Amino acid sequence: MTTSSARTPAPPAASTASGPSAAAEPDVDLSVDLGGVTLANPIVTASGTFGSGREIDQFFDVGRLGAVVAKSITREPRQGLPTPRMVETSGGMLNAIGLQNSGIEAWLAEDLPWLRERGIPAIVSLAGNTVDDFRVLAERLRDVEGILAVEANISCPNVEDRGMVFACRTDPTREAVRAVAGTLSVPVLAKLTPDVTDITAIAAAAREAGASGVSLINTLLGMAIDPETGRPRLGGVTGGLSGPAIKPVAVRAVHQVHQALPDLPIVGMGGVTTTTDVVEMIRAGASAVAVGTATFGNPMATLEVLEGLRAWLAERGIERVADLRGTVRLPG
Amino acid sequence: MTTSSARTPAPPAASTASGPSAAAEPDVDLSVDLGGVTLANPIVTASGTFGSGREIDQFFDVGRLGAVVAKSITREPRQGLPTPRMVETSGGMLNAIGLQNSGIEAWLAEDLPWLRERGIPAIVSLAGNTVDDFRVLAERLRDVEGILAVEANISCPNVEDRGMVFACRTDPTREAVRAVAGTLSVPVLAKLTPDVTDITAIAAAAREAGASGVSLINTLLGMAIDPETGRPRLGGVTGGLSGPAIKPVAVRAVHQVHQALPDLPIVGMGGVTTTTDVVEMIRAGASAVAVGTATFGNPMATLEVLEGLRAWLAERGIERVADLRGTVRLPG
Amino acid sequence: MSSNVTPRGSEPKAHGREEGPLRAHCEVLGVKPSGSFWSLTLVAPAMAERARPGQFITLAVDVGGATLRRPFSIASVSQQGPRAGTLEIVFSGVGQGTHWLAGRSKHDVLDVVGPLGRGFPLPNRQVPALLVGGGYGAAPMLYLARTLVARGHRVDIVLGARTAEQIWNTVEAKRVASSATFTTDDGSLGTPGRVTDVLDDVAARAGTEVVYGCGPMPMLAGVSRWAAAMGLPSQMAVEEAMACGTGVCMTCVVPVRRKGERRNVRACVEGPVLNGARVDWDAVRSPAMAQRELDEEAG
Amino acid sequence: MSSNVTPRGSEPKAHGREEGPLRAHCEVLGVKPSGSFWSLTLVAPAMAERARPGQFITLAVDVGGATLRRPFSIASVSQQGPRAGTLEIVFSGVGQGTHWLAGRSKHDVLDVVGPLGRGFPLPNRQVPALLVGGGYGAAPMLYLARTLVARGHRVDIVLGARTAEQIWNTVEAKRVASSATFTTDDGSLGTPGRVTDVLDDVAARAGTEVVYGCGPMPMLAGVSRWAAAMGLPSQMAVEEAMACGTGVCMTCVVPVRRKGERRNVRACVEGPVLNGARVDWDAVRSPAMAQRELDEEAG
């Protein structure tokens, strides 16, 4: 894990100076370190749940967030899976998008320039089906400016390993992470799946291979069947479970990884919807917290938890959010 | 997998003749095979969620259920974990009981006789921390009469394997299952945890070692932290997530195991609350369906889904519930 | 929540009308049953001002375990009179969320996002328009009809449903349009059969030059195919399961042919109104489509 | 649900009164605020008939994502008069479920299970009884007081809370008991301080021979310790997080010493009323206990 302040882009104008109510904000230091880069605040977006950033910018200035994590992009454009692509479930939802995206070239040409122009810290998420995919994507980003960090979404099927997800086993995890981290100088976050026997072993493998941090958790594999027709409710048959239903699993995963690897930065996510959910994640060990499904129910969710967190800390006289990290009080 | 009708206890009087409304029931064959024994209907109780059977018998005749699966019992009495032992979560709950139970001798002396006297098909659930625990428990049951089947709850920590849960790895799964199945002549169901990378591999290992079927799924490991105090909300720090929140994970696990091992009987469970949840589980591949957390919200839940299932099948002209098993219609 | 959180849309506008969706907490003016539907009216002046026929809103519903909003087409807006600044939706009770909405009363406050999506493009010339609505899809068609008539178009309406009480507002349809034709599967109102059975006649009579539709996906497919065969342009408001309604989740896609390729476009932002000739209806896999297929399999 | 599903309890009784809990859908007679509490009355004749002071009911609450019932002590039952066949609970609004309950109105129907648990054992002899209630725990104490007074006991009541408006029904307490003493942390009513501060005086005056308590766990611990030191028997209605309320889940346990061993007993069936001298209060880890510890750490 290397630390270099040169990596940190100039503080985005939008996130410090703008906002109708900046003057009223209590004096709390919300900045957090994410493996060598500093975020103005710990609230980021979960990949695939915030579009390009522009859609939600219609509702509020997204430059106020710690960073925008883009939808995972692949080498080539992908059309994804057939509909239906979502099913609501108790306390959550299943999705099966199949990584529909316009490919890295379109993202660099259309989405990144907007983020840069607005000075919004951008974390790009990469997905691939082979180690080579990850390498090629990373190489393409090597000389691209305006990227704060890269998230390697290694929770996707590895065609060279019988379709088993990279992050299900330590060796493929190492190879995919190395392909990205060995190529780029910005911090690399490995995004892990909770559907494993021991997530701490996967996190350790990612770190060994050069990851600056981990993003926990991706969705849980789930399925729903229409009782009448017997058809899977998702075009893709199985899909990813997200939302408040999975929060206990996410908190546990963050806690386990933080206990095992206390120095490793963690972006915690999974069901975060309220301010106290953010506090819970940070106490469990998250350095930053991503909001995903909650944005679907409320386009203002990320901003609301950011402002809620600021107020929560101020009311309790906690001056630096970084001090809250890992403050779970275990018995005994 | 051996089949022997000698194993099947005489049909319990209570479940066929009694019930205030037996005459009004439509003519549907609800019987299912569970690895060589026949249940009068597919609705059973999830271990640890139905007490001894007597508590809920105050609300309705529990002899109407397919079977009562007892709370997991251990060699010696256990006092379990400190409170708080439960936290409600979105769409579900976390529990950390720590297998509190009065031990096998007390169960045989106090609980089994009541079930036998009432003619209620009893499935006993065994838990241990070593392979030897499982062997000793099974030996103790060898000559005990009135037990329909045994569930080996191998989703508990194995002290000989750094506390890792037996059902997390194939070898400990095989050893624990063999210790029970090699000792007993009644069918043995292996109860598996979903917290693994590949549940089909564990199910296959259980079958190899002599399991007549598998029970899917036990709870998911989760955690909750009090945002104010920073304390884990459970005395046991982490706990098991159950209830509707986990249903998509349970359906997926049942589906995966049924696709991989179509002949293996499965007791499906995880969040089942309504009649259509039961249908979904059976279509995914469950032979029988266990109701757990739903009984906490409604002491009548098991009976309601049983009667609901009967009506659902009758309305659709489905004469045998067994025909519904595995009838998910995959695309293509 | 913190008072620092001011949705953009609720900030005072210095430069007159702005585009784009808002999020607001809106008072319910009333909920009333009508046939097999409910009509719900909200006090939402800023949204009413921005709304266009074919756009929709999403409502948060407070029912067990639901984390997602429910989308509804805008059925009408009032800019003047006693109901000025209100917006109406018309819906049928299908599940938990819609039944909860049906139980709201005057003065309750709902969490609303809208107007969302791309509305019906209006023709530049005053051509005769044929509007086809199925079930609750009739309501946005009447909104469009009023808009077109106000702009001097001839409008002909065809509304279809399974049975009479599922046809929304025949009175209004007759009042606003040059002709109103009804079809029901069971023949309880108008012509027995489906909307597509009467389109030839109506179009011939009306001199139709453009076709609009809103209703179940199988109906939209039928109408689009008919329009294409007739060489008429068509604009269809589609319906797909939507998690976000704002364009960020990619769940609501509809396959569309563009430049020879098939692309999945987001119904919530690139639609819900799509060019009927471009949609690849054979590849649409909506639950309604799947149900239709099963019905057909069954006989 | 199918009409085949008849809860046992709702079947007609041939042999007079039966024991045990029932499950029923009960109409709300009314919900009214009082001080910082709500009182909710249900039409539940069969439960009212079976109920004993110290027992509780559980209510299903229809709030986002909740799958578990909420337990409440029975505050009163009416067997005659205009409210015959009703049962009352008194509660404070702490979270989603209790706020939802506070919003119910007359004629709403609630899903109720009860009466549950072991009530207060009544003395065989007519000894003077001291009843100590904290917060909403006062309500079941008044129910017990009425029962004891009807059986000819002398009853003295001590009610405590943080502040005056959290003391339930001082009027009733004064009316029913030989003496009623109030304590508040902030001194806004009665003696400033905690209930344990006044017990010596009251007991000396009243000649107390048995002690009953209901309220927060730290209070029950204090009262039990005081009773033990005085050589008085005590019966405490405890409160632990309960998933089922019917004895099947083992979440609600309280550590109790029996025959020299510590055993975890289920508060919902072996309690909620437990022998105060037997409970191992040092080992109780309720959230209230943990909060108290933190407060003490903080200063």
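A, B, C and D are the chain letters, set down in written order, and residue numbers restart from 1 in every chain.
As a working rule, contacts are C-beta pairs under 8 Å (C-beta built on N, C-alpha and C of every residue); 3 or more make two chains touch, one makes a residue touch a chain.
All figures in this text were calculated on a predicted structure; none of them were measured in a lab.
Listed here as common contacts of subunit A and subunit C: B, D. For chain pairs B-C and B-D, the one joined by more C-beta pairs in contact is B-D. Between the CA-based centres of subunit B and subunit D the separation comes to 35 Å, rounded to the whole angstrom.
Mean C-alpha positions place subunit B and subunit C at a centre distance of 47 Å. The mean-CA centres of subunit C and subunit D are about 54 angstrom from one another, to the nearest whole unit.
Residue positions 64-66 of subunit D are each in touch with at least two other chains. Among all residues of subunit B, those that touch two or more other chains are 89-92, 229, 231, 235, 243-245. Contacts between chains leave no pair untouched here, as each chain touches all the others.
If you check the complex, the residues on subunit C that touch subunit D are 62-66.
By the touch criterion stated above, subunit A contacts subunit D in their complex at residues 90-91, 244-245. Contacts from subunit A toward subunit B in the complex involve residues 89-92, 94, 168-169, 195-198, 220-225, 227, 229-232, 235, 237-238, 241, 243-249, 251-252, 255, 271, 276, 279-280, 283-284, 327-331. On subunit D, the positions that touch subunit A within their shared complex are 65. On the side of subunit C, the complex with subunit A involves touching residues 1-9, 11, 20-23, 60, 64-69, 111, 113, 240-254, 262-264, 269, 283-287, 290-291, 294.
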